Amino acid sequence: MKILYFSWVKQRIGHGVETVTLPPSVNRTGQLREWLLDRSPGHRAALADAEVLRVARNLTYCDWEEPIADGDEIAFFPPVTGG
Amino acid sequence: MKILYFSWVKQRIGHGVETVTLPPSVNRTGQLREWLLDRSPGHRAALADAEVLRVARNLTYCDWEEPIADGDEIAFFPPVTGG
Amino acid sequence: MVRIQQEDFDPGHELALLSQIGPNVGGIASFVGLVRDMAGGRPVTALTLDHYHEMSVKMLENIEAEARARWPLLGVTLIHRYGRLSPGERIVFVGTAAAHRQAALDSCSFLIDWLKTDAPFWKEETGPAGRQWVAPRKEDEERRKRWRQ
Amino acid sequence: MVRIQQEDFDPGHELALLSQIGPNVGGIASFVGLVRDMAGGRPVTALTLDHYHEMSVKMLENIEAEARARWPLLGVTLIHRYGRLSPGERIVFVGTAAAHRQAALDSCSFLIDWLKTDAPFWKEETGPAGRQWVAPRKEDEERRKRWRQ
């Protein structure tokens, strides 16, 4: 599964893209976020507080209950500030 | 006193500017409008219906009770349609 | 800044001037009105604008002052043409510059709404069936009222 | 029409394209967002925009479709830049063309309000004190909500 990070999430993690192989127990975006925390201190610093994060599945905003499947592209980022 | 006409008011009257000398009984914009009606059939056609007219005294919209004085510039025209 | 003129104007140039007002300009809103080739289902081959020049200048200056009193604007440009125009030609430009977009956008709508009901211009349409003065639209009066004086 | 690009754009050219869509265009509204030299009282020497490209394209296309569903629009142009920009540089362009001004003006406000809260771009300000990611503004959320989905 392809995971993308942006803005300060990317900075804290140290890179913007990674490919992960999920254990069978990780089936939703919220579970994925928790599972990613242990990959590095940067991941923990970036992803610990779900309140300040947004998540998108296959280019569409979703919530932390969204089911995920192999082949999905999941992105984690802060609230947007463009325009 | 200088009187200006615009749009179809000007067309019906046949000219856009005239200078008039008022009798002492004509002291308000409404009285001026009525007094102008007899100047020509065009004036009557243009000025008979106060409901479809606007009036301005010295470049400012006013109503038919506005006092007028020698030296004023009074304009009669339809509701505006610019922009 | 108010300009009432027969000649055309360049919207890109007007936007550039607004953006050059100062380094605090964060947003520029604009509206350009064009002559349409149809009006109320009738073809239009030309639009002729009559206007009361001195009063138009004064009313547009008043409208600009009112907008500046309501919003923190860094720049305002109002341009209105008069004379005979063809379909596709520009009639009016409203541009506003502000630090934040809300002031620029809201004041731009305000300015064109007020200009429509307050500035002494009159449109006459020419088409195959002849010439006809444009009737005021009730909708314009209502939009003007939304801004309660 | 949606464009997401690093290079600058020409607002005058974009307005000209919108006015050339057809002879029924009567009004064109636009908004241009610029980099300011100050933010929250701090000097800004550069603004860097991160973005999620494929999702930005998709979200802006969705926003355009939503505006076209709500208003009778003849043209929509959305341009958003990314990368490192200096104060005074253009960030974003929103342009709308319609037969009447209300649709053009209202949809232009709508588009920039939605873009602000929905398009995945992130601003980082550089100043004498270092670099800092811009915090989302509550006001933007509230303006977005006014348009109730």
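List of remarks:
All chains are identified by letter, namely A, B, C and D, in their written order; residue positions are counted from 1 within each chain.
One rule holds for everything that comes next: contacts are C-beta pairs under 8 Å (C-beta built on N, C-alpha and C of every residue); 3 or more make two chains touch, one makes a residue touch a chain.
Because the structure is predicted, anything quoted here is derived from the model rather than measured.
Path length between chain A and chain D in the touching-chain graph (shortest route): 1. For the pair chain C and chain D, the distance between C-alpha centroids works out to 23 Å. Distance between chain centres (mean CA atoms), chain A to chain C: 48 Å.
If you average the Cα atoms of chain B and of chain C, the two centres end up 26 Å apart. Residues of chain D found to touch two or more other chains are 33, 101, 112. Within chain A, the positions touching two or more other chains are listed as 83. Applying the touch definition to all chain combinations yields A-D, B-C, C-D.
Note for the complex: chain D touches chain A at residues 33, 49-52, 54-56, 58-59, 80, 91-92, 112, 115-124, 133-136, 140. The touching residues of chain D, when paired with chain C in their complex, are 10-13, 15-16, 19, 23-38, 87-88, 90, 99, 101-102, 104-106, 108-109, 112, 139, 143. Within the complex formed with chain C, the chain B residues making contact are 4, 6-8, 10, 56, 59-61, 75, 77-83.
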